[in-house]
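Two complexes, one shared chain (chain A), two partners (chain B, chain C).
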Partner chain A sequence: MSFRLPTFGHLIDRDSPVSFTFNGKSVQGFKGDTLASALMAADHRMVGRSFKYHRPRGIVASGGEEPNALMNMGEGARFEPNQRATTTEVFNGLTARSQNHWPSLAFDIGALNNKLARFLPAGFYYKTFMKPAWAWKHVFEPIIRRSAGLGQVPTERDADCYEYFYAYTDILITGGGVAGLEAALEAGRSGAKVLLLEQSPHFGGRLMVDDVEVDGRAGPAHIAHLLTEIGKLPNVSLRPRTQGAGVFDHGYALGYERLNDHAPSTTPRHRLWRIRAKRIITATGALERTLNFAGNDIPGVMLASAVRDYVRLYGTAPGARTVVVTNNDDAYRTALTLHAVGLEVPAIIDARPQGGGALAEQARALGVRIETGHAVAKVNGKIHVKSVEICLQSGAGGAVETIACDCVAMSGGFSPVVHLWSHCGGKLNWDAANAMFSPDPSRPPTDQNGEGFVITAGSAFGALTTEACLQSATAAARQAADEVGHSLPEEAAAREVRTISENPMAPIWSMPDKAPYKLRAKTWLDFQNDVKVSDVQLAAREGFESVEHTKRYTTLGMATDQGKLSNINGLAVLAGALDAEIPNVGTTTFRPPYTPISLGAIAGEAAGPLFKPTRKTTIDGWHESHGAIFEPVADWRRAYAYLQAGETTQDAITREILATRGSVGLFDASTLGKIIVKGPDAGKFLDLVYTNMMSTLKPGKCRYGLMCNENGFLMDDGVVARLDEDTFLCHTTTGGSDRIHAHMEEWLQTEWWELKVFTANLTEQFTQIVVAGPNARKVLEALGGMDVSREALPFMTFTEGKLGGIQARIFRISFSGELSYEIAVPASQGLLMWNLLLQAGADHGISPYGTEALHVMRGEKGFVVVGDESDGTVTPHDLGMSWAVSKKKEDFIGKRGMQRSFLTAEGRKQLVGLRTLSDTEKLPESAHAVEDGKAIGHVTSTYFSPTLGHPIAMALIVGGRARMGEVLAFPVAGTVHKARVVDPVFYDKEGAQQDV
Partner chain B sequence: MSDLMSFSEIDGSGAVLVAAQRRVMMVTLKAELSKATRAAIKKALGTPVPAARKIANGIAWMAPDELLIMVPQGDTPEAMIARLTAELKAPMLAVDVSDARAVFTLKGNKAREVLAKGAPVDLAPEAFTLGDFRRTRLGQVAVAFWLEADDEITLVCFASLKQFMFEWLVNAAQKGSMPEFL
Partner chain C sequence: MLLLTCPYCGVMAEETEFHGGGEAHLTRHSDGSSDDAFTAYLFERKNPKGIVLERWRHVYGCGKWFHAARCAVTLEIFGTYSAQTFEPPAEIIAKIKAKRPEWEAKS
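Let's look at the complex of A and B:
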C-alpha cells in the first residue's frame, strides 16, 4: 500500500486540503501535491493500462519522463487527454480519468491481449492481417483502433485562451536546479541579461531531496540562499512553470509556460515564449533509467529517485516495504531516506559484485540487508507488487529467495537530458564509465556566425556529483557571459561541497545476465508503448539494424514520452543483439518539444475572432446592415449578395443581375489592388511586368493588362490607367494587391534596380464604387459636377474632378459588360459617396449587387477570373487572349517561358464556353469532361444566367477551340451531364452595351 | 497623449489603454535618399531625415528608399506633396496615405508587453527607446510602431484591419495577462 507520511513533504501545505476526482471518485490531497503524489497518498497505485497488452500500470517517475500515469484531464470544453499526473498540480475541482481501459480500470477486457502476447510480437501488424485485403479495413483495423491508443480526442472547442510572448535575452538558462541557479547567479553578476526557465513550480531540483551540503548549508537552505542572491540582480528573470521546450537555429528557443493549469481562469492558460538568446545554457538535469528485469512494469516498481522524491517532497510513501535494486550508489540514498522515516527496506539488491561505497556503509551500519552481485529475477504480483524473486546477477535466473514487498525502487544509472543540446545539432560522446551519452563541448550546435551557442551545465553535462555540477555551472556561466560581452572578474572560490565517495556504476542491461526468453518476454523497455527486451531482440534478428528502423518497427521510444526512460536501455539491448558497441548503434534523433506542448499554445491568440485578420472596406458596415452575406476573398470579406426579406440567395443574385442589366447597379470594388508606379522608367518597367504594351498608353487612357510569372503562366490581371507621363495606376485582383506589389518590388530591387521607378500600394487609400447599367450615366449626372458623357469620357478613359462635391477619379471601364463607371474617392469619403449614389439612383431603382452577381455577369460576357479560369498552369494563349501578349516587345516576364515546346504544343487545354443541352440543368462546379475514358478538361465557372434564361459555363478543354459545336460528356456521381462547346462570350459579343 | 476627441474608439478595461485614433494625415515618400535628396527633404519639411529605423519630428524611416511623414496640424498632405515635388530634383513618389492607415495609441507602463505578445522585436526599455521606429508584424498584421513617451506607443497598420487590430490589442491587454518581463 501507498500512504501519506506524518513527516517530510516540504512542497505540500497540510493546512490546505484539496479535493478532486479520479475516475469519478472523490480524492483528497494537499495544496502543492501533484496528481501523482495525491493519488499515491490515497493508495491509488494502479493508474492506467498499457497501450498494447492492457497491463496494469502504476506511477514510475516523479517528473516529465513519466510513461504510465497519463490522464484524461478535465471535462467538456476543458478536456485534454494524455496529461502526465506527475506534472499536474492538483486544485479543487480537478477531474481526472485513467486511460486505455474498458469497461473499467480494475476489470479490462483488453487485458486479454496480455494472454495473447506471444502472438503480438514487434511488427505484428506488418506480418499479420495481410489477407484477405478487405478484412484490414473492416475487421482488423477497427478492433485494433479500439483496443490500442491512449487518451480520447476532445469533442468540444477549447474554452481556454493562449498567447505568445517574444523575449530577447543575452543568456537563456533552461533548468532551475542547483546548476541552473548557480549559472544564473554567476552570469547575472556579469551584468548580462539572463532568463532562466524551470518547468516545475519549484526551483532546486535534486538539492531539495538529497542530503547535500553546500557551503555548510543543507540543500534546501542553499537553494533559498541562491534565490535570495539572484533576487538582488535586476538583470536576471526566473520563470517557474516554464519549460525550455526547444532550441532552434540562430539562438531561437521555445519556452512553454503553464500559467494556470493549476488554477483555471479566463486569462491565458499557456504562454508560448519565443526567445532569442545569444547563448543558451542547458541545465536540464539527468533522468534515472529503469532496470531490465521481468515484471519491471508492475505497479509499485518505480525509479529509486522518484521513490525518495515522493517521500521527501510530498510526504508520501510509495510502499511500506521497499526492495531497492540498483547498479549504482545513488539508489542507496533511497534506502536511507526510507529507513529514516521508518519504512521497511527488506533488502538492497546491488548487481555489482563489489557493491557500493560510503552510502552502502551507512546503510549497512543501519542494519539494512545488502545483497551484492544479485539481481531481481522477477517481480510477482498482478495489479501491484507482492514480492520479488532474487537470484545471482551472473546466471540465468535461478531464484535463490523470494522477498515479500509492496514496492521496488530501481536504478539503472542516469542519462543526462541532452535533448535541448541536441535539438539543433549538438553532438554526444559515449561515457563508458557511467554508461551514458553526454554532450561533447567541442561539437556544440552552431549559430549564424559558426560559433557554438549552446553550453551545458550540471548533470545535463554529465556531471553526476554536486561538486562537478557546480563547477560546470560556473564554467558555463563564465563562458556564456564572456561570449556575450560581459566578462566576469577573477573566479570566486569554489563552493565547498560535502563529498561522499561513490563506487563506479556497472552497466547492467539485463537482469540476470543470461535471462532466458521467458523472463525477457516479461521485461519491459518502453512502458508506454509496451516494448519488451524480446521485441528489440526480434527486430535485430529480422534485420532492423539501424536504431531508427528498430524504433519504427517496435515503436520503442515513440508516443508522448519519446522514450525518455527507455531509449538508452533499448539501444543497449539492440547493441547487445547486434554484438555492437552502444556508441556505434547511436541514438535516435532528439526533436522538440521536450515534452508535448498544447496545440493551444502553438496557435497562440489566433483563435475565434482573432483566428485570421479580416480586412473590411469602408462600406462593410452598410453591407452588413443591408442583408449582405459575405464571402472571404484573400483576407477581405466581400458582400456576396444582399438578401431581402423572404429571398433565397439565388433569388437575390437574380434580382441584382436583372436590376443592373435592366437599369443600374452599384458595386463595392474597393478591394481591387491599386498600385502606383511612378518614375521616368515607369513605362519601360510595366512593359516588362505586363505581357502587353503599357508604355504606349496615353495619359488619361486605360488598358486591360495581363501579368505572367517567369514560367509564362497567368498570375494576375487588371486595368492600368496612365495618370500622367511618369505615373501609372495598376489595378490588380483582390487577392493580388499585396502579392503583385511585392512582385514588382522584388524585380525592381533585385533585377532591374537601375530603373528609376517607385511603387506604392494605395489599395486602401481609395474606396472604389462601380455604377453599372444602362442608366449609370444618368445617376452620375444626377449627382453632378463632372461631364461623364460619351464624348467627354469615352470607354477606357478616366477623368478627375468633383462628383457631388467629392474629389473623385472616374474610370470608364466595365467588367459587367454594361455602361459602367468606376468611381475612386478617398476612403474617408467612401461611405458618403456610396450613399450619395444610392440617393441619386433611387429614381432608377439602383440596386447594390454582390460578388456573385458580378461573377455571373462577367461569365455572361466571357471575361476570365484569375484563379477560376487559371490555376497557375494556364497561359494567356490557352485562354484565347493572345491579343494581350505583345509580339513586338523584346522581353517581358514570362516571354521565354511561353516559348517552351510544352507551352506551344498542340493539344493544350483551351478556354471554351459550354451550353448544356437542357436549359434547366446547370453543370456542377469543376466537373470533368470525359472522352473515351479519358479526362479532357474541366469546368472552370458555371452559373445560371438570368439575363439569358439558361445555364452557362466556361471550361478548359483539350483542343477546345477546334471543338466548337461538339457535345461533351461530364459524368458526375452517376449522372452524365451533356453540354455543347460554344463561344465563351454569351452576351453582347460586339460590346455595344458597354460602349454607349 | 492627444486630445480625447481625436479617438474614435477607446478601451480602458485592460492593463493598458487601447485607443483607435481618428484620421491621421500622412504622406508616403519614396525616393533614393541621397545626400542631395535628404537636403531637399529637409528644405521642404523643415526637419532632417532620420537615420535608419528611427523616427524624428514626425518623419519615420520605413525603408532605404521610403519615408512615412506625419502631416502636422495646419498643413495638408496636398501642400506637403507640392513642397516635396518642388524641392526634390531626383525621381520620387509622394502620395497621400492618410485614408489607407489606421493609427492606435497604447498608454500605460505595460504597453511594451502588449506589443511583445505579437511583435518579434526586442521591446526592453534599454533596447527600444524614444526615437526608435520598427516596421514589423503584430500577430498576423503588418504594423509599424514607435514610442511617444516611455509609457505610450503609437501603432500604424492598414485601415481595412482597424477593427481586427483593435480587438487584437484589447485581447492582448487583458488584465492579469502581463508577463512582467520587460
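Let's look at the complex of A and C:
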C-alpha cells in the first residue's frame, strides 16, 4: 500500500487540503501535491492501462519523464487527454480520469491482449494482417484504430486562451536546479542579462531531496540562499513553471510557461516564450534509467530517485516494504531515506559484485540487508507488486529467494538530459564509465558567427556529483558571460561540498545477465508504447540494424514521452543483439519540444477571428447592412449575393443578373489589385512581364493582359491602363495583388535591375465600383460632371475628372459583357460614391450584385477566371487565348517555357463550353469527363444562366477544340451527366452589348 | 530560426521577417536556349552540404531582395549582400575561404 507519512513533505502545505476527483471518486490531497503524489497518498497505485497489452500500470517517475500516469484531465471545453499526473499540480475541483481501458480501470476487456502477447510481437501488424487484402480496410484497421491511442479526443472547442511572449536576453539558462541557479548567480554578477527557466513550480532540483551540504548549508537552505542572492540582481529573471522546450537556430529558444494550470482562470492558460539568447546554458539535469528485469512494469516498481522524491517532497510513501535494486550508489540514498522515516527496506539488490561505497556502508551499519552481485529475476504481482524473486546477476534467473514487498525502487544509472543541447545539432560523446551519452563541448550547435551558442552545466553536462555540478555551472557561466562581452568578477573560491565517495556504476542491460526469453518477453523497455526487450531483439534478428529503423519498427521511444526512460536501455539491447558497441549504434534524433506542449500555446493569440485578419473594402459595412452573404477571396471577404426578404441565395443571384442585364447593376470591385508601374523603362518592363505587348499601348487606353510564370503557365490576368507615357496602372486579380506586386519586384530587383522602373501597390488606396448594364451611362450622366458618351469615352479607354463632385478615374472596361464603367475614387470617398450611384440609379432600379452574379455573367461571356479555368498547369494557348501571346516580342516571362515539348504536343486539355442535354440539369462542380474508361478533362465552372434560361459550363477537355458538337459523359456518384461541347462564349459573341 | 541582416536597411531580424528565394546567381535562359540549358535553369539546383549562396527578400521590412552566404551545416552566416551582382563581394569570399579553404565561389 502507499500512504501519507506524518513527516517530510516540504512542498506540501498540510494546512491547505485540496479536494479533487479521480475516475469520479473524491480524493483528498494538499496544496503543493502533484496529482501523482496525491493519488499515491490515497493508495491509488494503479493509474492506467498500457497502450498495446492493456497491462496495469502505476506511477514510475516524479517528473516529465513519467510514461504511465497519463490522465484525461478536465471536462467539456477544458478537457485535455494525456496529461502527466507527475507534472499536474492539484487544485480544488480538478477532475482526472485514467486512460486506455474499457469498461473500467479495474476490469478491462482489452487486457485480453496481454494473454495474446506472444502473437503481438514487434511489427505484428506488418506481418499478421497481410491477407486477404480487403480485410485490412474493413476488419483489421477499424479494430486496431479503436484499440490504439491513449487518451480521448476532445470534442469541444478549447475554452482557454493562450499568448506569446517575446524575450531577448544575453544568457538563457534552462533548469533551476543547483547548477542552473549557481550559473545564474555567477553570470548575473557579470552584469549580463540573464533569464532562467524552470519547468516545475519550485527551484532546487535534487538539492531539495538529497542529503547534500554546500558551504555548511543543507540542500534546501543553500537553494534559499542562492535565490536570495539572485534576487539582489535586477538583471537576472527567474521563471518557474516554464520549460525550456526547444533550442533552434542562432540562439532561438522556446519557453513553455504554464500560467494557471494549477489555478484555472480566464486569463491566458499557457504562454509561449519566443526567446533570442546570445548564449544558452542548459542545466536540465539527468534522468534515472529503469532496469531491465521481468515484471519491471508492474505497479509499485518505480525509479529509486522518484521513490525518494515522493517521501521527501510530498511526505508520501510509495510502499511500506521497498526492495531497492541498483547498479550504482545513488539508489542507496533511497534506502537510507526510507529507513529514516521508518519504512521497511527488506533488501538492497546490487548487481555489482563489489557493491557500493560510503552510502552502502551507512546502510549496512543501519542493518539493511545488501545482496551484491544479485539481480531481480522477476517481480510477482498482477495489479501491484507482491514480491520479488532474486537471483545471481551472472546467471540465467534461477531464483534463490522470494522477498515479499509492495514497492521496488530501481536504478539503472543516469542519462544526462541532452535534448536541448542536441536540438540544434550539438554532438554527444559516449561516457563508458557512466554508461551514458553526454555533450561534447568541442562540437556545440553553432550560431550565425559560427560559434557555439549552447553550453551545458551540471548533470546535463554529465557531472554526477554536486561538486562537479557546481564546477561546471561556474565554468559555463563564466564562459557565457565572457562570450556575450561582459567583464567577469574575480573568481570566487569554490564552494565547499561535503563529498561522499561512491563506487563506479556498472552497465547492466539485462537482469540477470543470461535472462531467458520467458523473462525477456516480460521485461519492458518502453512502458508507454509497450515495447519489450524481446521486441528489440526480434527487430535486430529481422535485420533492423539502424537505430532509426528499429525505433519505427518496434515503436520504441515513439510515444508521448519520446523514450525518456527507455532510449538508452533500448540502444544497449540493440547493440547487444547486433554485437556492436553502443556509440556505434548511435542515438535517435532529439527533437523539440522536450515534453509535449499544448497546441493552444503554439497558436498563441492567433485563434478564432485573430487567426488571420479579414480584409474589408470601404463599402463592406453597407454590404453587411444590406443582406450580403460573404465569401472569402484571398484575404478579403466579398459580398457573394444580397439577399432580400424571403429570397434564397439562388433567387438573389438570378434577380441581380436580370437587373444588371435588363437595366443597371452596381458592383464593388475594390479588391482587384492596382499596381502602378512607373519609369522610363516601364513599357519595356511590362513587355517582359505580360505575354502580350504593352509598350505600344497609347496613354488613355486600356488593354487586357495575361501574365505567365517562367514555366509558361498562366498566373494572373487583368486590364492595364496607360496613365501617361511613363506610367501604367496594372489591374490584377483579387488574389494576385500582393503576389503579382512581389513577382514584379523580384524580376526588377534580381534580373532586370538595369531597368528604370518603380512599382507601387495601390490596391487599398482606391475604391473601385462597377456600373454595368444598358442604363449604366444614364446613371453616370445623372451624377454629372464628366462626358461619358461613347464618343468621348469609347470602349477600352479611360478618363479622369470629377463625377458627382468626386475626383474619379473612369474605365470603359467590362467583365459582364454589358455597357460598363469602372469608377475608381480615393478610398476615403468610396462609400460616398457608392451611395451617390445608388441614388442616381434609383430611377433605373439599380441593383447591387455580388461576386456570384459577376461569375455567372462572365461565364455567359466565356471570360476565364484565373484559378477556375487555370490551375497552374494551363497555358494561354490551352485556354484559346493565343491572341494574347505576342509572337513579335523577343522575350517575356514564360516565352521559353511555353515552347517545352509537352506544352506544344497534341492532346493538351483545351477550354470548351458545355451545354447539358437537359435544360434543367446543371453539371456538378469539377465533374470529370470520362471516355472509354479514361478521364479526359474536367468542368472548371458551372452555372445556371438566368439570361439564357439553361445551365452553362466551361471545361478543360483533351483536344477540346476539335470536339465541337461531341456529347461527353460526366459520371458523378452513380449519375451520368451528358453535355455537348460548344463554344465557351454563350452570350453576345460579337461583343455588341459592351461596346455601345 | 535564422537571424539575418538585411544589407539595405542594416537591420538584423528574425527569419520570419524574410522570405527565402532559393539558390542565388542563376543564369536565366530564355528564347533560343537549348532544352538542357532551360531545364537546368528552371529545375536543377545545387543543394550542397556546406556553403550556399541564396536569395532572400526582406518581405516584412524594406521589401528588397538580397543574397546571403551561409553554411547549410553549421548555419554560419558569412555575410549578406546586394542582389544586383553576379557573384559575392570579395570580402565575403575571403571570409568564407578563411574558414573553408577548399570552397570555390563558382563551382
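Before moving on, here are some points about what is shown:
Here is the rule we go by: the second predicted complex is superposed on the first by the 993 of 996 C-alpha atoms of A that agree within 3 Å, B and C clash if a C-alpha of one lies under 4 Å from a C-alpha of the other, contacts with A are read in each partner's own complex, and residues count from 1 in each chain.
Simple rule for what comes next: a residue touches a chain if its C-beta (ideal position, glycine included) is under 8 Å from a C-beta of that chain, and two chains touch if they have at least 3 such contacts.
Please read all numbers here as calculations on a predicted model, not as lab measurements.
By the touch criterion defined above, A:D724 lies against neither chain B nor chain C after alignment on the C-alpha atoms of chain A.
Using the contact criterion defined above for the overlaid structures, shared-chain residue A:E156 touches neither chain B nor chain C, since it reaches no partner. Counting the residues of chain A that each partner touches, chain B and chain C differ, and the larger count belongs to B. When the shared chain is aligned, chain B comes close enough to touch A:P609, but chain C does not. Looking at the shared chain after the overlay, A:A167 reaches chain B, while chain C stays out of its contact range.
With both structures placed on the common chain, the touch criterion links A:N449 to chain C but leaves chain B unconnected. In the superposed model, A:T763 lies in contact with chain B only, and not with chain C.
When the two complexes are overlaid on their common chain A, residue A:D43 makes contact with neither chain B nor chain C.
With the contact threshold set out at the top, residues 276 of chain A are in contact with chain B in one structure and with chain C in the other.
Taken together, the chain A residues at the contact with chain B in this complex read 161, 163-168, 193, 195, 237, 265, 267-268, 271, 274, 276, 604-606, 609-610, 612-618, 636, 676, 678-680, 726, 756-760, 762-766, 826-828.
Residue ranges of chain B in contact with chain A, taken from their complex: 23, 28, 30-31, 65, 91-93, 95-101, 113, 116-124, 127, 139-141, 158-161, 163-164, 167-168, 171-172, 174-177, 179, 181. Interface of chain A with chain C (complex): residues 248-252, 276, 446-450, 710-711, 742, 745-746, 749-751, 753, 890-891, 895-897, 899-901. For chain C in complex with chain A, the touching residues are 1-3, 14-15, 21, 28-33, 35, 38, 42, 55, 57, 59, 63-65, 71, 74-77, 83-84, 99.
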